[in-house]
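Listed below are the structures to be examined.
Both complexes below contain chain A, partnered by chain B and then by chain C.
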Partner chain A sequence: MNIKKYLQVYSYFNYSSFSIELEYKVNLFIDLLTAILGLIGSVFLLSIFFSNTDEIGGWNFNQALIIQGIYTILNGVTNTWFNPNLKEIVKYVREGTLDYVLLKPIDSQFWVSFNRISPTGLIEILLGFFVLNYCFYINNISFTIWSLILLMITLICSISILYSLWFLISTTTIWFVKTWNATEVLRSFLYMGRFPMDSFSFSLRIFFSTFIPITFITTIPSEVLLGLSPAWKIILEVLVSMTFLIFSRKFWKFALRFYTSASS
Partner chain B sequence: MKNSTIYKFSTLFKTQYANMLEYRAEIALWAISGVIPFFMLNIWTNNGLNESINISNVMLSRYFLSAFFVRQFSVVWVVFTFEEDALLGRVSPYIIQPLHPFIRYFAQHIAEQITRFPFALCIAIFFFIFNPQSLWIPSFLTIIISLISVFFSFLIQFLMQSIIASFCFWTEKASSIEKLLFIPTLFLSGLLAPVSSFPPYVKSWIYLTPFPYLIDFPASILSGNQANIIEGIFIQFLWIVLFFTIFKKFWKAGTKKFTAMGL
Partner chain C sequence: MRKNIIEVKDITKSFTISAKTPGIKGTLRHFFNRKTIEKKVVKNINFEITEGEIVGFLGANGAGKTTILKILCGLLYPSNGYISVAGSCPFKRETSFLKKITLIMGQKQQLIWDIPPIDSFYLNASIYGIEKSEAIKRIKDLSNMLEIDSELYLPVRKLSLGQRMKAELLAALIHKPSILFLDEPTLGLDINAQANLRKFLQIYNKQTGATILLTSHYMKDITYLCKRVICIHEGYITYDGKLEKLLTKLSPNKDVSIICKSIKDVEILKKLNIEIKNINDNQITFTVNKLDFKNTLKEILNKFDIEDLHINEPPIDEVIGKILINKK
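The block that comes next holds the complex of A and B.
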């Protein structure tokens, strides 16, 4: 592993995909509008919930807004890195171009995961931090270096879990060839990360903390911000994200053994 | 009568149905990705949010199940297919044919819905196993009326997307406009919360837009919740006429502008 080489390759990746994306400038604007409207829509939905009650699952409106902020950041990360890259895996396998990736003198998982970048998601990440900043204000959260570090740790863990989930599903392409819609299923489940997990019934909460660990993705970072999260939850999240990362790596290596090119 | 439109359409439909059956695993996954209304139902009933809007748990669960069904049979993706076809240059031969290209897409959608039906039914059966008290059998008349309004809802969305798809003649990425339009469809159509629960400042103008007629209205009919049937279907029909005229205008202007790609 030569880190310097990988960083250099990564900067080339970024340069080329930025120049592709900037060809569609109007698109950037429309995507920004979509992100803002999406946020307004889910705040609207929350306001409907809270017009009937003061709290759902023990969270009040201001606290639930934090989850919206975290979700927006993570959605931005998904749209910037995971979505443009991992969707392509399906194409590589179907057209057999994965051959070229495997032949390159670089780690194949690195190549398929970071080849492209879509700048519109970056604006969404900014928007999410903006919302979080507002939440600090309305929830009277006092800043400490310690809480900021903890937030960063949990956010990085969330991103790792998200990445692993996307990558695991995309890897199954090697057997099933067509998995566009499997990522759609994942997307619609992840959508529930916009709401506090305590607002679901017990059985769904179990489902969302084991099969598709949405609890770890948005709820725990928000709890950390509010200072509500006990230490064991944070440690558990770190462990879960490590397990997911290692498993997704192993799974990719395992799947590659079954890769039998396409056509020719 | 080999040249009649009906013959053309039925042949198209049969070939597309055979084509869609090949993708049944894909379509099954797609059906699963529509389960969001059930999660929303869980939030509503688990927190007792429906008490203040006077809809009982049973009626609300019927509403969300109906919303799931309406969504399943009114999903439209014509803009994505058309964009791909336009970029790859497949539109050129379609335009020369003595058949409007969108009739082909229309047949694809209908075929896909029929392939999807058994999967949606399976999901509904699972829903009733977990929620036996919400089981209901709508009367024959209700089924017919809701089928009509679901079909109208599908037509409205199909025409809206077709209008956006004809932007492909001017721009290469029309699908991002569709993603923008999807946001109000998601939040205002009643898929995540019934329109009757919306605050008054939204209710005052929402019925002037097509959105509540996409999911809330057909789902209310099917689930037996309150709905003004005759007025609703009439307004759906008006939207169809309006969007159809706009689409025809755009299509005419667009085909003049058409520059073949990928040749």
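The block that comes next holds the complex of A and C.
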């Protein structure tokens, strides 16, 4: 793979996305407002849960706020990259414009995953890091380079798992054509990730950490920050994310064999 | 001697499709117990195309033309058979192969809707690994040929269909492909825009020696550009050869209408070896075989002092229409 070429193409993707967003100024402003109000709403909801109790599943409000911060970052990543790109796969398949993607001398998965970027999602990522920064202060977390590296590793793994899940569902479009609703279900499952894994019942914990590992992706980075995560959990997350990434790629390659294109 | 750039042997393509009966019952049955059938859309086709040829694919809607184009450019896997395009197996979609081809579809677009075409051109250039200075040169050359200039800096959504199609062509040709697959490129364009596009394709073919495969329902596209046509009917090739030969085969005669100076001349004309269609006072209309046309006309002009002469050929759309309906 020619890294230089891919970086150049990616810079053009970003440039055209920014150009498109700037064409619609009001929409940009509304997206920004939605991101801020969304975060305020989520923190308010969390404070309601903690209004009658000090702990949920062993997590107090200040610790749970870390999960909220991680969730906001992941939601920002979702809104920046996954939503504008992976949602479009359905359109590419339905309208047959995937033809143009497949005929370009470039990796088709790269194209469909990174073709667009929604800059307003970046604000959400910044807000998430701002919340995390605040959490360092209120939880008296001693900040080390090592914890930062671990946080970044677990965050990247979480993003990979989320991406793979979303991409897997979007890939099924090649057979079923309209699977957009399934990605919406995944999005609503992502809301579960705003709460600590331990606050769920045993059966739900199993469900949300194995079949759809949503809680896994927010709880482990939060535990890393608090110094609560054992090494095996981090290793497990790395393995799970790699498995998901490899599987989603193989699945895409397999699915393309069944692509029938749209009739003219 | 020019070598074959495309070789197709015994290609078949089937699709699994589900049919639905009308009404709510049919809809529910379709939902719970979907019945699928395998439909062969391309059936054992064979042909070869040499470098630099312009070949037109003719056929009714659903005949299998677009499917063949999509198999040739590697978008669809054939169910059976052998294909070689520019020395590669298309459906492997190797980078070297993809750099040699381009697909232009009249009803689909690759340009980014909300931004000017120039941005899409630079994006395409980077995908094909073309240096920016070279990309600028190619854009300039092609935009001169296509006669578009200021339109390159307007958002695509603000362009007319004709301008958009020119920009689509530019985006598709920036990597100098040697094989062009064109699926109804003039669809929806006005007469002038169609003519400009045809002219451009002809010049491009002459200048670059590119091979062009074209499907179109506008017969002018075919007659202007293609010497050779391949007729497809229900997935089969029903004719592969020169367009002129096909037209002679389908429409062997011409109608000649002569206004004679006197009725006496009409009477003499009747005695000639011609198939008379109609006589109206001193006007006689007859049918003559295209092969005898020259001699017959020479004889008439030598023998008679005529007032006026009309030669009528059936419109080409009508002639080609026959093969689309009758599977001749």
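Quick note on the criterion: the second predicted complex is superposed on the first by the 263 of 264 C-alpha atoms of A that agree within 3 Å, B and C clash if a C-alpha of one lies under 4 Å from a C-alpha of the other, contacts with A are read in each partner's own complex, and residues count from 1 in each chain.
Basically, a residue touches a chain if its C-beta (ideal position, glycine included) is under 8 Å from a C-beta of that chain, and two chains touch if they have at least 3 such contacts.
Computed from a predicted model, the values in this text were never measured in an experiment.
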{"item": "Touched partner set for A:37, first chain B, second chain C, both or neither", "value": "first"}
{"item": "Contacts of A:156 with chain B and chain C, given as first, second, both or neither", "value": "neither"}
{"item": "Touching partner for A:102 - first (chain B), second (chain C), both, neither", "value": "second"}
{"item": "Touching partner for A:188 - first (chain B), second (chain C), both, neither", "value": "first"}
{"item": "Partner chain in contact with A:57 - chain B first, chain C second, else both or neither", "value": "first"}
{"item": "First (chain B), second (chain C), both or neither touched by A:26", "value": "first"}
{"item": "Touched partner set for A:9, first chain B, second chain C, both or neither", "value": "second"}
{"item": "Chain A residues contacted in one complex by chain B, in the other by chain C", "value": "none"}
{"item": "Contacting residues of chain C [partner chain A, same complex]", "value": "15, 66, 70, 73-77, 93, 95, 98-99, 101-103, 105, 107-110, 112, 114-115, 119-120, 122-124, 126-129, 155, 183-184"}
{"item": "Chain B-touching residues of chain A, taken from the complex the two chains share", "value": "24, 26-27, 30-31, 33-34, 37-38, 41-42, 44-45, 47-49, 51-53, 56-57, 176, 178, 180-182, 184-185, 187-188, 191-192, 195, 199-201, 204"}
{"item": "In the complex with chain C, residue positions of chain A that touch it", "value": "2, 5, 8-9, 12-13, 15-16, 19-20, 23, 95-97, 99-100, 102-106, 257, 259-261, 263-264"}
{"item": "Residues of chain B defined as touching chain A within the complex", "value": "23, 25-27, 29-30, 32-36, 39, 42-43, 46-53, 171-173, 176-177, 179-180, 183-184, 186-187, 192-193, 197-199, 202"}
